[in-house]
Amino acid sequence: MAQDLMTEKEPLMEVRNINKAFPGVQALDNVSVAFYPGEVHAVVGENGAGKSTLMKVMAGAYKSDSGTILFQGEIESFNHPVEAQEMGISIIYQEFNLLPERTVAQNIFLGREPAKIGIVNLRQLNKQAHAVLKEIGVDSMISPTALASSLSVAEQQLVEIAKAISLDAKVLIMDEPTASLTSTEVKLLNDLISRLKTKGLALIFISHRLSEVFEIADKITVLKDGQHVGTVNTKEVTSEDIVYMMVGRVLDHYFPPLGSSEDFGDVVLRVKDGSNNFLNSVYLELRKGEILGIAGLQGSGRTELAQALFGVVPFKSGEIELRGKPTAIKNPFWAISRRIGFVTEDRKAEGLILIQPIRDNMLLAIRSLQSLFAFIHQDGIRQSRNMVSALGEQVDIRVDSYGKEAQDLSGGNQQKVVLSKWLASESEIFIFDEPTRGIDVESKARIHDIIRGLTKQGVAVIMISSELPEIIGMSDRILVMHEGTIGGELPAESSETDIMLVATGQNNHRTSSISVDPERGEK
Amino acid sequence: MTTESIPADEIKRSKLGIRIPPVYYFLVIITVGGLILDILFAKGNIISNPTILTNILIRSVALGIVAVGQTFVMIGASIDLSVAYTISLTAVMTSQLMQGDPERVPMAIILVFVIGAVIGLVNGLIVTKLNVNPFIATLGTGLIIAGILNGTFANFKGSVPKSFRALGYESLGPIPISIIILIAVVVLGWFILSWTKFGAHLYGVGGSRELGRLSGLRTSRTIIVAHIICSLTAVLSGLFIVSRLGSGAPWVGPDGIYDLESVATTVIGGTALSGGRGGVFGTLAGVLIFGVIDTVFNQLGVDTYLKTVFRGAIIILAVASYSFRSKREAA
Amino acid sequence: MTTLEKIPSRQMTGILVTIWKRVKKIPPVYLIFLVIIIGVSYLNPNFATLNGMLLFLRRASPLAILAIGQLFVVASGGFDLSQGSLVTLTVIGSALIIYNNEENSYIAIMILLGIGIIIGLVNGVVVSYLKVPSLIATLGMLLLVKGGGLYWTGGAPKGYLTENWRYFGRGFIENVPVFGRFPVAVIVFLIVVVIMTILFHKTNLGKQILAIGDNPRASQLSGVKVKLIRIIAFLISAFLSVVAGVMIGGYGGTSILAGEGLEMQSVSAVVIGGALLLGGKGSVPEVAIGGLTLEAIFSLLNLLGLPKPYRDAVQGLIIIGAVAYAAITSKRRD
Amino acid sequence: MFKKKLYMVLSLVMLAAFVLSACGGGEAPAEEVAVEAPAEEAPAAEEAEAETEEEEVAEEAPANPGLAMDAAAVAMQFWSDDLYEESIIFMDTEPINPDAPVYLQSLLDNKVDTSQYKMEPPFDICFSNAGVNNQWRVTGYVTMREQVEQLRAEGLVGNFIHVDAEGSDEKQITDISDLVAGGQCDVLIISPNTSEALTPAVEQACEVLPTVVFDRGVLTDCPTTFLKTIGGYAFGYDGAKFIVDNLPDGGNVLALRILPGVDVLEQRWGAARKVFEEAGNISVVGVEFNDYSGPKTKTIVSDYIDRFGYIDAIWMDAGGPAVAALEAYEDLGLDFPVMVGEDQMDYLKYWKEMDVTAIAPTFPTFQWRTAVLAAVMILQGEPVDARWVLPQPHVTQENLDQYYLPDMPPLYYALSSAEDMDNWPDVWKELDTTVYKDVIE
């Protein structure tokens, strides 16, 4: 693939040799990309590939460790997003940044209200807002005096774009602008993008929907593991090429051997047509002794599935069978008392009681099953000490004291503490959501061994991960989620390309007779 | 700049910036209900007597003024529980400084406003720079003010001159001066919130501090100014109260529960505890609701202590009516 | 490093370092308490006698008990500002029920404990289910209880607290070896400390209170019944408020102002006792000492001749200072 | 970095504190204030003179070194040397109508004509009450309502509308305004919460209605009659004189006050202070406000005993918590001090049983019924004294047995003079304020 594309125009904005590291991760590794006026430039890559980091560096929200940013040929260094904004670089974040209780006009000109001696000229404000909305051709849809909260998601996005235009943006960065839009709204947005293109803006957007990337982008940049894989002209490539660029990597990690068929037992958990606000007709079977990998893009409903199975946000309709008996999983306590454990994605927010000792974290789940007024050392202090250290050894936590606060541990040890919490409560069904995110390589391997070890003891595991090698290396079967439902089931050791094709909605390898209305995706 | 026509009615509406807050329907219901009760059980005194209507307003003045200030801090997602003591401090300081001498009035007023500004500044700094939860910060400063006040002014040593008492008792034509002041404060508050950059920024910072920062607003300064405004309204409230009472006592603020009631009326008026939403007209309605309830209870001869019970219940329920739908756990 | 090691007295420094490490591990509240007690004893030698200490303990016990109750709520992430009004209600309500009839005393205590439990329950339900921030909810409850109590008694104390009711706050057990006479209040205090220490530190309940105060979301995902635990915390606080009310009324008799301002004193005591406001950390014995310390600080201010109202100011400074300190140190951690 | 900010804010807080203290003029250590206080008081005195015409303001006597605290100062608008002297004379004055029951006796003849108010019974009486928030007021209020019931039975009183201000000036101001505006009253009885604050409201009421003010006063002579027993000066003088007489060698005195800013209470303290000053050998070691609270009183007394080893005498401007103060001594195993209380039954009982050297000056609760009787007299056109001074007996060791009634409840005040009423003594045993109906059906 051509690395350097010859264009007759000068680049409007360019990043050169950008490096950015976060503790434990090299988020951007020597990335150089050029963006041209009048072009739509898509940035794609797996989760954690560094797309958002790159955008934030360009918008001044992050400062790069090294490398240069050129804007209109000049070297710039932004200390604050406002500086980048003033230069003409605007960014629209995924989570919207509008004040719901303020009008469209007030939102567009927040901090830049037309005013004399501190008194805002409201007439002028509304006029200017109207003018901006007219400029992008949505003045008939959106009134400057409407409250932001009264607008649909798409309209809010248009207001954000109007805000960027009012800032005289020359570069407009959008982080997954279509993630939560319906197809009609996507069309509306795409039309607007095309129009802005003709005005000579450089438009940059991150997307996971390859179909839409191919529809509107002129160029595609692919990032992987913080590195720039390449920038290509859309016309010259196919979606398979892009997927290959996104996932083509060398395995750098040894995984424990997969399970064999004699390990697998009866079905312990079965979901039929499970739906709620986020999930749409999910079918799922989990057998004893197996690891069921769940892949899918961000926002495809992976975490929501885990939350439904654990009773955090239960299914509203559909049937669930637990160990052969029909049931409903109402809340986490109910799930835990039925021996289900959930290792959450965000350890600090959802997994750990950070300022409590390791010991108490390990025993939190088992204690919640016991009587409230039961003594914490029912069988004597020695017994509970032994229990804690046995758990610690099982998951290989290396600390000098179990009285240490959980917040003082490394990421790997923290994850082991969370794991041991569910081991202590003798869970038979484990749900892992991103079990190795942000963990060093050594601990990663150890955690993988533990997970596999659990299945040997007859535990059933559901493992959600956005790291495809992990999914492939660990799973005995793979379910791929797409738009809130199971997009398809793949056998063990499927290729990354196969998974990505299902995940991006390019190809449906459905094994069960699931009918999905694509329009009903995420609402 | 294009200056195409915008639908005329929209410009008009937004120019005034007034949307009738839903709380006014509630106010109307309460008032009508109160009048019916009054006619049925208390010979219709309220409706037949304009003085009682005026008294509702006068009763609402002190609370109304400070509630306007409370609205400012609450829009900024903060809160000020020290206002009751600021009111006491003002009342005591004013009579102390005036010593019944009309010539000392301007000096005293200026000084108490300066003290109020300092209190607001300290509150704001503690909240923004020391990152102390505003509930705790202002409860703490309230205690400090109370301690200094009670320790320093163990006795009344002064009074306000007769001329100053006009503020509380005289009328300008048919309308009592105090009501004019309340209306002026509400209108000024509305003007600042709706028409000034500061107002717009306060809504921005209150709605989302992060967004405020990303939009280049001076978040800390905005919140500090809101706190100063709040303390200044508390001072004004204190001045009104001392003009009614003749001399200040350290307990006038806490006795009037101005801290809690200003929060409650603001919340009832539609200002969110989490900030970014609301306005002074809603707050005014909240204050009037309290005034009407008070007067009706008085006319019906409801036991005074029972009224305190109702107030506590109303405050809890008012906040609950906004909070119970929220998904987050409260603590 | 090497130069340091050459210092001949390095063994000495080693010992000092170990001692210093040990000392650092002692919760600061004990040291503060010790310092203040020494100060008070210096100014008032009577204080340092056994009898003086017992009388001090008797006076400080109600505050320490309130602080322990407050700790349960604070550790769970909330505040209980209705404590003071509940103390008042206990005093004037009991007087009304007793109505100068000795036989009604224990019935009165039972009824008040029942009322306390109901109030705690309402506090907890309002915070857990209606999601009203506890500061507002319990401040509203303060008005409700205060108004309710005054309505009940008609605005002024009625009836009288009989000697047997007042025994818990005022009585002495005579002829105790070593001590001579031993205040009943101190016995109540010790019992409360022991039971609450066990409940808070040695049962699942205590651990789960700390857990929800620290991270309610993670607790819920670990099966903790967050709402139930929160309600129990408010229940305990209300229950102990009634106990403290019985002791306060016992000590000084009826007054409609018996509990005025005690809620802030108990919050201050909790902060002095090293608990984290907004939840997650705290210890019953340390908070009990915190309550004693606050009372000792008051004694010290009294002996120094500072006007009483300055107590409020001192409390305000303590609260703001402690929270600011916590905010700053936790920021550093990030 | 953060520490710096912390210091910055804390120093700002302290700065604010200093500004306040400076303005307040002397919360600071005792000795300093003693020197400053008179100088500072002087202009206040002048202004007060300008304001209150009928009350002459005396020069401030030099401060006794013992009377060091700021709280010891008496707000000048409440003090009058003439009235003080007059009160002491009143204490030995025979009533002009010695045959009348004590609650109708008068020590000063200054009748005003009330024929303009004469009307046909039944009369609708309104009563704006500062509060029923202490035991003294409960006894008084019950006595008053019983008097109303008796007058109703006689057909003299119709509605009796009672509005309780819960001890709030502001509320009472609007209460009075509401009552005046409501047009339901033939006569208005006012028991003001504080003097200064209620004056304008009372002035407004005077313009419309005949008014009876009793108990605490207001700074105007517009009411048709202002009645009370001799008052604060006598109360304060009585107790202080007793202490001085019983401590011939001098000693430490702790003065306990309810709250500042109420004329009767300020006058009590003012008189006591004067007596202590003149005695010369009495050292007032502290003046504290106890909010009329037993627990608080006991704590304060214990604190002072801690600080000074022993307190020889306790003077109180209201004796409600007197027993709590004595208990502090009892619990510490100390001898009782020379004690000034009030005529509340629990105190008389304690006094009698524990044999305390004690006195109980009184502010008799019978004036509550006098207020109703005066209101009726006005509407019947009978002349009343514009300033109606009722006698003010005191309880001493000699007449203790006369006033101590073992059957009455602890919170009953002995000087209700209700013994001649229909429901005596049952109603006063219950002291239930909630059983009365304002409006007759």
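Going by the order they are written in, the chains are A, B, C and D; count residues from 1 in each one.
By our rule, a contact is a pair of C-beta atoms (placed from the backbone, for glycine too) under 8 Å apart; a residue touches a chain by one contact, two chains touch by 3 or more.
Note that this is a predicted model, so its numbers are computed, not measured.
Chemist: Chains touching subunit B and subunit C alike, please list them.
Modeler: Looking at subunit C and subunit B together, the chains touching each of them are A, D.
Chemist: Going by the touch criterion at the top, tell me which pair is linked by more C-beta contacts: C-D or A-B.
Modeler: C-D
Chemist: Where the centres are mean C-alpha positions, what is the separation of subunit B from subunit D, in Å?
Modeler: 34
Chemist: Using mean C-alpha positions as chain centres, tell me how far subunit A is from subunit B in Å, no decimals.
Modeler: Their C-alpha centroids are separated by 45 Å.
Chemist: Whole-Å distance, subunit A centre to subunit D centre, using C-alpha means?
Modeler: For subunit A versus subunit D, the centre distance works out to 73 Å.
Chemist: Mind pulling the subunit D residues that touch 2 or more other chains?
Modeler: 6, 9, 13, 17, 27, 69-71, 164, 166
Chemist: For subunit B, give me the residues that contact two or more of the other chains.
Modeler: In subunit B, 126, 130, 141, 144, 148-149, 151, 154, 304-305 touch at least two other chains.
Chemist: Mind pulling the subunit A residues that touch 2 or more other chains?
Modeler: In subunit A, nothing touches at least two other chains.
Chemist: Pull out all the chain pairs that touch, please.
Modeler: The complete list of chain pairs in contact reads A-B, A-C, B-C, B-D, C-D.
Chemist: Which of the residues in subunit C come into contact with subunit B in the complex?
Modeler: 76-78, 126-137, 139-148, 150-151, 155, 213, 216-217, 226, 230, 264, 277-279, 306-317, 319-320, 323-324, 327-328, 331
Chemist: In the complex formed with subunit D, which residues of subunit C make contact?
Modeler: 44, 46-47, 55, 59, 100, 150, 154-160, 170, 248-249, 251-258, 260, 299, 302-303, 305, 307-308, 313, 317, 320-321, 324-325, 328, 331-332
Chemist: Looking at the complex, which residues from subunit B come into contact with subunit D?
Modeler: It is residues 43, 45, 49, 51-52, 55, 58-59, 62, 89, 93, 96-97, 99-101, 111, 115, 118-119, 121-122, 125-126, 129-130, 141, 144, 148-149, 151-159, 165, 168-169, 241, 244-247, 249, 252, 255-256, 295, 298-299, 301, 304-305 of subunit B that touch subunit D.
Chemist: For subunit C, which residues count as touching subunit A in their complex?
Modeler: Going by the criterion above, the answer is residues 198-199, 202-205, 207-208, 210-211, 214-215, 217-225, 228-229, 232, 276, 280-281, 333.
Chemist: Using the touch definition up top, name the residues of subunit D that touch subunit B in the complex.
Modeler: So the residues of subunit D in touch with subunit B come to 5-6, 8-9, 12-13, 15-17, 19-21, 23-27, 41, 43-44, 47-48, 50-51, 69-71, 73-75, 77, 161, 163-170, 173-175, 177-178, 180-184, 194, 196-197, 199-200, 260-261, 287, 289, 438.
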